[in-house]
Amino acid sequence: MILDTAWAVAWMTRAASDIAEQAGELGELDRAIGDGDHGENMNRGFTAVRASLTDVAEDALPADVLKTTAMRLISSVGGAAGPLYGTAFLRAADAVSGRAHLDGDDVLALLDAGLGGIEERGKASPGDKTMVDAWAAAVDAARGAAERDADALEVLRAAARGAQHGAESTDRLLAHKGRASYLGERAVGHRDPGAASTAILLRAAAQAAEA
Amino acid sequence: MKKLLNDPRRFVADALAGFAEAHADIVRVQSSPVFVTRLRMSAGKVGVVSGGGSGHEPLHVGFVGHGMLDAAAPGEIFTSPTPDPILAATREAHQGAGVLYLVKNYTGDVLNFETAAELAAMEGIAVRTVVIDDDVAVQNSEFTAGRRGVAGTVLIEKIVGAAAERGDGLDALADLATRLTASVRSIGVAIGAPTVPHSGKQSFELAPDEIEFGIGIHGERGRARVGMAPADELADRALEAVLDDIPREGERTIVLVNGMGATPPAELYVVYRRIAERLRGIGAHIERSLVGSYVTSLDMAGFSVSLLSVDDELLSLWDAPVRTAALRWGM
Amino acid sequence: MKKLLNDPRRFVADALAGFAEAHADIVRVQSSPVFVTRLRMSAGKVGVVSGGGSGHEPLHVGFVGHGMLDAAAPGEIFTSPTPDPILAATREAHQGAGVLYLVKNYTGDVLNFETAAELAAMEGIAVRTVVIDDDVAVQNSEFTAGRRGVAGTVLIEKIVGAAAERGDGLDALADLATRLTASVRSIGVAIGAPTVPHSGKQSFELAPDEIEFGIGIHGERGRARVGMAPADELADRALEAVLDDIPREGERTIVLVNGMGATPPAELYVVYRRIAERLRGIGAHIERSLVGSYVTSLDMAGFSVSLLSVDDELLSLWDAPVRTAALRWGM
Amino acid sequence: MILDTAWAVAWMTRAASDIAEQAGELGELDRAIGDGDHGENMNRGFTAVRASLTDVAEDALPADVLKTTAMRLISSVGGAAGPLYGTAFLRAADAVSGRAHLDGDDVLALLDAGLGGIEERGKASPGDKTMVDAWAAAVDAARGAAERDADALEVLRAAARGAQHGAESTDRLLAHKGRASYLGERAVGHRDPGAASTAILLRAAAQAAEA
């Protein structure tokens, strides 16, 4: 599949159903080291995103879809995840603005811009046990693939795998940002819910491209 | 889960609708986006706006009214509101003299109020933000999200609201709020976990003889899980934690013993008795007190203790008339 | 049992001591025997005195103060006070114009106040007693102890207190209280049982999907054990029970949605929303409302609904200034 | 033993320890169909009674002990049981006033006066599932014994047995007075706590006479 506007819509649609399906698990992760609402928050957000993507304009570009996604997340998620994901998708939209078809480098740029947005707004770095760990691992893997001249789908697949590893890597970390940071050692052994949702979102991006 | 609700998804909306009905003489609850304003704004006054996740009632909506908040944006349960309702609240609270945001220190609240402030600035509304972080349970280090904002918020909202009502300007109010934030410290103790309506599950599980010391107001775990103890011992430990951290030993202080939602008044008074006794013992003077459930965590059982160091001016602001759903005197 | 207390035998004393500390600007708590008086009596005014078992806070001690009660005698947990403290409270409340007793209808309360009244009469103090029995859960027949006095008591204490403050005489006040008693009806619903400190046991056991409809305020069982239901349905059933029984259809009414001790504000507002909606639906007019935990049963979870039919005069008494620990406005 | 002042003191002392021992059970009975405080109330009352009987005047009569008991119960029990038992013992004192040694007829008069006091203040009759049922059965049995010219001890023993039967008879009754009356059919199958405490008190009276 070519990564065009239809892909972007497919991504968000798939993300919405995957999040809906796994909202319970995300909530459980957040209940363990946060306040238990991450699944609910993300589900509310992506339900809103899906609803606003039912009639995308004919001449819309992928960036428009990403921007709409960002605005809907900002206005419906709340909590920490809302503004962070919102900023990520805003920056991602910016990174691919004007492009009708995304190639491997575009995908890398999109992901990298998203990561930059989250780091900047959340003042978090890799290793802080946040969604940044999943995004950063995704960008690293995507960069490796892009440097090997992989195509866009391969870059997305690499990113999805990276995000999953990044999310898993948070299990053993102490948290330095977000609610889990209050727990000290007690957070160790638990996966960061935001990193887990990032892994879901990026896997959806790759699967939308495969379909 | 046994709660008085219809559908978890309607819980916040239903509660707000009931709140609107019950206090139609004090507040107006707006919808799309959802926020609460006082019925009559004072023209020319700086607007004082707060907000945060729902489930902490009466905070914040119960403190909207004359002498306290001009508007509040309640989010979903334990979830910061999005920028839209904050911005809408800001527009209504802006009476030409700018708007002060009082924000509890949680990543979500800080970020969403930040976005709202940017949007308000683009509309020409001067906004200042003060982040409240009174919870001594959390280390304020580079390695955490910083101290949380908890029950001390009520004390700040009351005093800043009174100063706004007397006509203080935006910068003066921001300075006052900053000073108050530096002088208030709190800590919470949970003896029973809250149940979040959506999940229907308790936020954490406590054995019959366990409590959570240093609990947050969203059921976020605290400093440590420790054994249940007599009320006096719990009060002592809570007070010590607060005194260890509060700047100036708080010779003159306002004390808040706050219930977490499922703790009846008599138990709070048992705790307050000991707090008062101990403070007297160290030569501190309780100038004013509040004992009751002002910042709850759904149906969490337990209490928090907040101390605010005060002087004559702060006391006169505390005593100034206030008329809100949950705090009312002098009018 | 997980409660904020030291020793069950000290619970009432500790809570009262904390209450005394917290509200030293409003009340004085006396010991041996234990009773509570307002700080400053109004000379020449009829004294209004109430009392009953502890564990229902803020009732009654939290309603002692200007514009409401002059004194209250709190008993042990869920146990009527003995005549001694009632008599002592009567002596202090007597400012030359006699004393009105507002007594909730329980055998123990009625008998102990009866004895106190006899003893007061022997000392030359004119006493009138009005027994409040607002609970529609109980049949008022020859075959029961009669209806219980529950949350409606607060509404009566407020209005009678205001009338006493404006200078009404003893007989007029007794007539007013009698009239109010005839116009107020309540019913309670428990979704969780209270635990009495002494026994450490819950007063009754409820399955996860069971509630007790028509509960008393001492954990006495109600009309029936029924299935848990959405808040609107519970509110409807409670309102129906009250409307079925209240004389005059209550076109103009004061509504109290009362929390039982462990129910957070948001849930009470959910119930109130429905009550208000339904009353509007039948053309009734809610003139005033109270939503909060005013008559609790230790840490029982649930709510009660009380309706009082009012006219302009009663409303102006309701609106009159009051300054107590738990109810305060206009001053 | 002769039923003199020492007996009256022994009665109340034994009553105090029996009540203390069975406070838990009385509480359980009250928890089932009342508010759970009857054991606590009675124990508080008889602890006060015992304390005030440590130095009875040399010339005190049984009636003085009964009156002291009544006053302490009235001022320390509260609830329904306080004034009811208080009145019972006041009337009982009155019935044997001036008597130094009680015979069988005195015992009957004492019990009958107590019953009358409770019935009058509580407006209860036998069959209402209250302490009246135990007292009434005790008086009936005592009357039977006294009519057979039994001695004082025998009358007391009959009263104790009667009280016990009376208490047991409340199991199958609907309640018409007290908190249990709110329960309707749900009270059936439970023993009235006040009737149970009456049985304890009257058994203590007989045992004090046997010792």
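The chains carry the letters A, B, C and D, assigned in the order they are written, with residues numbered from 1 in each.
Heads up, the rule we're going with is that a contact is a pair of C-beta atoms (placed from the backbone, for glycine too) under 8 Å apart; a residue touches a chain by one contact, two chains touch by 3 or more.
Values in this document were obtained by computation on a predicted structure and should not be read as measured data.
**Q** Considering only chains that satisfy the touch condition with subunit A, which of them also satisfy it with subunit B?
**A** none
**Q** Would you mind pulling out the distance in Å between where the CA atoms of subunit A average out and where those of subunit D do?
**A** One centre to the other, that is 76 Å.
**Q** What whole-Å value do you get for the distance between subunit B and subunit D if each is reduced to the mean of its CA atoms?
**A** Here the centre of subunit D sits 55 Å away from the centre of subunit B.
**Q** If you average the Cα atoms of subunit C and of subunit D to get two centres, how far apart are those centres in Å?
**A** Between these chains, centre-to-centre, one finds 32 Å.
**Q** What's the distance between the Cα centroids of subunit B and subunit C, rounded to whole Å?
**A** Here subunit B and subunit C have centroids separated by 29 Å.
**Q** What parts of subunit D, by residue number, touch at least two of the other chains?
**A** none
**Q** Could you pull out the residues of subunit B that touch at least 2 other chains?
**A** none
**Q** Once you draw an edge for every pair of touching chains, what topology comes out, line, ring, star, complete or other?
**A** line
**Q** Applying the document's contact rule, which stretches of subunit C touch subunit D when the two form their complex?
**A** The touching residues are 53, 75-84, 106-108, 111-112, 114-115, 137-138, 142-145, 148, 196, 198-199, 201, 203-204, 216, 218-222.
**Q** Would you mind writing out the residues of subunit C in touch with subunit B in their complex?
**A** Result: residues 2-7, 11-12, 14-19, 21-22, 54-55, 57-58, 62, 191-192, 208, 211, 228, 230-232, 234, 261-274, 276, 286, 289, 291, 293, 296, 298-299, 301-303, 323, 328-331 of subunit C touch subunit B.
**Q** Sort out for me which residues of subunit D touch subunit C in the complex.
**A** The touching residues are 24, 27-28, 31, 33-37, 40-41, 44, 74-84, 121-122, 174, 176-179, 181-183, 186.
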